[in-house]
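Both complexes shown next keep subunit A, but they swap its partner, so subunit B is in the first and subunit C is in the second.
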Partner chain A sequence: MEHIDFSLVDWSRAQFALTALYHWIFVPLTLGLSFIIAIMETFYVKTGNPEWKRITKYWMSIFGINFAIGVATGIILEFEFGTNWSNYSWFVGDIFGAPLAIEGIMAFFMESTFIAVMFFGWNKVSKKFHLLSSWLVAIGSNLSALWILVANAWMQHPVGTTFNPDTARNEMTDFWSVLFSPVAINKFLHTITSGYVLASIFVIGLSAWYILKKREILFAKRSITIAATFGLIASLYLAFTGDGSAKAVAKYQPMKLAAMEGLYHGSENAPLIAIGVLENVENSKEEDFVVDLPIPGGLSFLAFGDWNAYVPGIHELVHGDSLHGIISYKEKINIGKKSIDALAAYTKAKKTGNTDEAQKQLKIFKENYKYFGFGYYFGHDPHELIPPVKLSFYAFHIMVGLGTYFILFFALILFFTVKNKIQDKKFILRLAVWTIPLAYLAQEAGWIVAEVGRQPWVIQDLMPTIAAVSKIDSSNVIITFFLFLAVFTALLIAEIKIMLQQIKKGPEEKLIENSSKK
Partner chain B sequence: MFENLSLIALQNYWWFIISVLGASLVFLLFVQGGQTMIYRLGKTETERKMIVNSLGRKWELTFSTLVVFGGAFFASFPLFYSTSFGGAYWVWMIILFVFIIQAVSYEYRTKAHNFLGKKTYETFLFINGFVATIFLGAAVATFFTGSAFSVDKMNLVDLYSGKMPIISSWEKSTYGLEALWDTNQMAFLTNISLGLAVFFLSSLMANMYFINNIDDETLYKRNLVCLKRNTGAFLLFFVFFVVRILMIDGYAVNQETHEVFLQANKYLHNFIDMPFVLIIFLVGVLLVLFGIFKTLFKASKNGIWYSGLGVFLTVLALFFIAGYNNTAYYPSSFDLQSSLTIRNSSSSHYTLTAMSYVSLMVPFVITYIWIVWKAMDKKKITADEVENDSHMY
Partner chain C sequence: MIRTVFNFYKEGFLSMKVGKKLWLIIGIKLFIMFAILKLFFFQDFLSSKFDNNKDKGNYVIEQLTKTK
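Entry: the complex of A and B
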């Protein structure tokens, strides 16, 4: 398809990636911190101890700074589906739009209504109503994550839907299959728990800084106790859901798994690369490890729970492997093209009233629909359908490596906190501060794996990004890309500067606190 | 319950929900109107603080309503979402940009080390108030005046003609901005007039909101003066818009063939064919004026509620005449048959049914918003509060 404007597709992708990556700097902290704040406020309401109120209010001020910019970047994502992915919006709007609308009705209003009470209601409503509002903000923000992740999971594994040839789009046939798809459940749980982990690390890191500065020791220790307990539970669950995600990827997106592991040639007893450095092989489209630490059978086990299971590599997926029943991409492209052509012929036959021909073409269309999206690559080199391997590999390994480290980190922090020795462990406290940026790195890496690894699909096997864009001159998208970059970067700098100032300032003075609570 | 309704009934129901959300959004745009008057009304820092904090407790509600309006449109009429958002690119992008800069401005404005400075955030709020209202108004006006686009679903399966496989195409290289400056047609004047009418309406609503929400005599007097001016400007542009749409040819749909054709005074006919909509419209306009009258001449502080209900009803009626009674709600001036109607642009029966169950939550949502609003506004904002409370914008 020489007529595809690749500049438009690339810039549209770049803009969406930019927005998503910026948005995801702020969302995980909102997801996790909202619960941590609600737990802290519950302690306050239960005990009546003003120190807990002071702790709650401090973390709430941090939450507010972060929340505002999360909202700012979030609105763009929703509307970019329309502005930059217009074809996609029609092709799947019948399924994708519903979760977005439900997200708005169920979650956004809950968040936006009760957040006003959370920040300004201390002296206006009762203690219990205020506590309820804090919990509803936490639930609302997590609910909003549910619906958008359900939508994202559907793109990775489209279920509960059928293509309607008369309207030329996918239509939902089973809402519950969309909502409770195994990919959706895993994705939701994995993503929100990653937010809890980041927020816990954030709270521990900041509290550690106060201890290092010999300020607010009681405040910091109490904050660490809550965050480390919450974080340890969340990180263990994160590993569990991560395992579930890997198995889902192996089953539904084998190319993504191969890219994540840099696996060019499949095998039984496939190794898991614990650490590796990939380099291009000369005169070849492949890459190979110059350094690697393989765990024999590890990938087979991770993917299928069996150390000897066969895991296909990129080579087998592109060129096919009859022994393992894998169809080549070339064949899939032909099948997809057959399906697209049949749909065109069906529509024409229907227009002219040729019912027999229409029925015949409809049958061909349905039989070949499974690889509909591949048809758009007719005449292209099938290697164009391989996602960026290096980026997927490193992002995956950074995410998993850091995730493992976080479990040990929380265990260590909790151990010293329980022993009441955390304030004496300078190294651990410094480590806690430096773990904050690592938590953000793991978050971004996770999304890179999920979204880069599934390229070129916007909807797995059904719609490639080249057929999903809006038809606008790419110069317009280039301008908006740089406008977004400038605005988001300026706001990020503002956010960080305000946050650092707030951290330096610390919680409210106790004197003010005691007078205001009268 | 909903599964037994016909597709046509569900499509009508969802146009009703979209209209309700659109009408609620226009009412809540008083936040934007208020943002353009921070310096006009507030002469001291304390006064400005009262204004910003009064708006700051409501801005997220407006923001959420906009997001839900977009999400619901996507879910119920996805062809509109793909055609308008992907085509009128710059109109929607500019609206989005001004909402990005709004979202941080309340929280960051008075914070130390806020990088851009207090004035910048206040300017952001002003830009958001001014641009968002005018652009949203103008965008909705194109529901009556039309836009230049084409829709061809066959493009999706066309692998050979050398075209991109994209269904919707915008035919003007200004991607939507032509609605505001295309001097070749009278349409742009109609679009701008609704934009300005929405801007002045949101400003006068803000005046009444401040009168209701802030307990300060000086601000009260200044709001009264502003309210008079904003009302005059609003009436000028609103009357022009209404007269224009009653006079122009509208985009009608043949019920049998589904063909779109131009019909003289279509929107006037819609009012006549649907008298209950005309009543809603007239009651709405009268309520807006009654609220203003009570505020200006009866020293009432509750004018916002009468006018608020009035705004809601008026906008509701405008959405009704744009979409019901065999009317193309998003007409194409380039290719009449590409025009979007409630019938040809909606989601499937199944999805509309599923979504309709979700819509049953709307009264529950409205109830808790109302409860929280009342609880938070029980005590009016005072100079003392904004100067002494620990968390203030």
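Entry: the complex of A and C
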């Protein structure tokens, strides 16, 4: 684009990343803990045992703190869309509007209504209605996440829409294609399941702390039993949905996959790097591994379910590979440029009333629209279209490595809990406490893979970040970046402080002990 | 019915313990977000420049087709 202010693009991206990563500190715990609470309450309603009510109420108070601090942090993202990313916001049209409207209605009616019953309804509504409310809060929270993830999935794989060159907006032509695109399904399932894993680790970690402090042993063991069972199932399913996500990335975003694996040169029987360290060479277009542990054919299997399948590397994707039907970025840039020029000519012809010319240009625009976004790199080095390889690689491997560890962690915790030996395993209990920050690290790494790995695209192949930003003064973005940083840090400190107070206080009434004294 | 719902919420809010502190934080957060950030820093870029969708669309097309 003309006079691109790269500092504006970079600051706008940094601000969005800061807000999204901060927002994502709270969301996964809400998604997962809501289900764990509903399961705990189901035990209470089924057994009538007041200890289960006590357990449920305690975790509900933790849920409440997290929910309250996290609430509305996502709205800031919407502010940023309108101010910093106005070209993008206009271009996406209904695609964001419709899912976000549905999300708003669902969040309001399901979460807001039933969350009040969940917190205020004890002894005021029937046990069964209260339980139903807790389940509806869990389902409502997760369905809210569905819509924003569908919108995000569309950005990664734009389907079910048509661009209207008269209004410059995308119009939804097939709602079901948008909702059920393979990227959307995998993204939704993978993301919410990761929330279940985080919440399970959170419950196990805090419960382990109580056991280490020799407090609330029964409460802690019961909490661990529920969380470890839920967490083990969720973590296994997480691996399954991760596999689905990898296959979708291989099909629709091959450059992201190549960056995630640091794969510069494609091959059949492509190896999966289990552990690797990329060398640090400044201004190099390729970074080799200093140390690596490859699994032969692993990447081919992960990407296509076939150990011998061909996986293109960054080199083939940039320079093309006619043998495998891959066209070069240079060709895509030319196609994209043709489409952009045709759109400009169409608009001009329409203004002058030259209908024939307008129709001719419209045809050219549509024929080349598939690579529209590449056109913004006309005259640039195609290597600018490669996402940050190191960041994508390390984030992906941290996420997968921790995900694998979590499966083993849950299995170990569940084993010792079933054997009734968990209270004696001090090392395991300490490990459980220290696994909490790892769960958050895995969450943030997951988002880095998804969002950094698709760079430079805001909308895959159609709109790069350089075309999406508003023409505003970058100093405004810099000011609000630091303002956010200060506000978010203060809020995070407040949350941690309130949560720590609640954790130290522990569950309130000791119903079983009181009743046994009587 | 309305009175019952009102009392339900009223009693719920009054009996909150940790909640009061949380509501204070939520209040401060919403004030910063809507009374400061939205008002002074995050005006909708296109709406602040154009009155109607046609002009907004024309402006975006113009921006998207400037590649030289």
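The rule we apply is simple: the second predicted complex is superposed on the first by the 500 of 518 C-alpha atoms of A that agree within 3 Å, B and C clash if a C-alpha of one lies under 4 Å from a C-alpha of the other, contacts with A are read in each partner's own complex, and residues count from 1 in each chain.
Here is the rule we go by: contacts are C-beta pairs under 8 Å (C-beta built on N, C-alpha and C of every residue); 3 or more make two chains touch, one makes a residue touch a chain.
The model shown is predicted, which means the values in this text are computed figures rather than measured ones.
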{"item": "Clash-or-fit label for the pair subunit B, subunit C on subunit A", "value": "clash"}
{"item": "Which superposed partner A:91 touches (first subunit B, second subunit C, both, neither)", "value": "both"}
{"item": "First (subunit B), second (subunit C), both or neither touched by A:321", "value": "neither"}
{"item": "First, second, both or neither for A:357, with subunit B first and subunit C second", "value": "neither"}
{"item": "Subunit B versus subunit C as contact partner of A:51, first or second or both or neither", "value": "neither"}
{"item": "Subunit A residues touched by each partner, larger count belonging to subunit B or subunit C", "value": "B"}
{"item": "Which of subunit B and subunit C A:292 touches, first, second, both or neither", "value": "neither"}
{"item": "Partner chain(s) touched by A:10 [first = subunit B, second = subunit C, both, neither]", "value": "neither"}
{"item": "Stretch of subunit B penetrating subunit C in the combined three-chain arrangement, among 62-70, 80-88, 224-232 or 350-358", "value": "80-88"}
{"item": "Common ground on subunit A, meaning residues reached by subunit C in one complex and by subunit B in the other", "value": "1-2, 61, 64-65, 68-69, 71-72, 75-76, 79, 82-84, 86-87, 89-91, 116, 119-121, 124, 167-169, 337, 340-341, 343-344, 347, 375-376, 378, 467, 470-472, 476, 480, 483, 487, 491, 494-495, 498, 501-502"}
{"item": "In the complex with subunit B, residue positions of subunit A that touch it", "value": "1-5, 57, 60-61, 64-65, 67-69, 71-73, 75-76, 78-79, 81-91, 93-98, 100-106, 108-117, 119-125, 129, 133, 164, 167-169, 171-173, 175, 337, 340-341, 343-344, 347, 375-376, 378, 467, 469-473, 476, 480, 483, 487, 490-491, 493-495, 497-498, 500-502, 505, 508, 512, 516"}
{"item": "Residues of subunit C defined as touching subunit A within the complex", "value": "8-9, 11-13, 15, 18-19, 21-23, 25-26, 29-30, 32-33, 37-38, 41-47, 53, 56-58, 60-61, 63-68"}
{"item": "Footprint of subunit C on subunit A - complex, ascending", "value": "1-2, 61, 64-65, 68-69, 71-72, 75-76, 79-80, 82-84, 86-87, 89-91, 116, 119-121, 124, 165-169, 337, 340-341, 343-344, 347, 375-376, 378, 467, 470-472, 476, 479-480, 483, 487, 491, 494-495, 498, 501-502"}
{"item": "Of all residues in subunit B, those that touch subunit A in their complex", "value": "57-58, 60-61, 63-64, 66-68, 70-72, 74-76, 78-79, 81-87, 89-90, 92-93, 96-97, 99-104, 106-108, 111-116, 153-154, 156-159, 162-170, 173, 175, 347-348, 350-351, 354-355, 358-359, 361-362, 365, 368-369, 372, 375-376, 378-379, 389-391"}
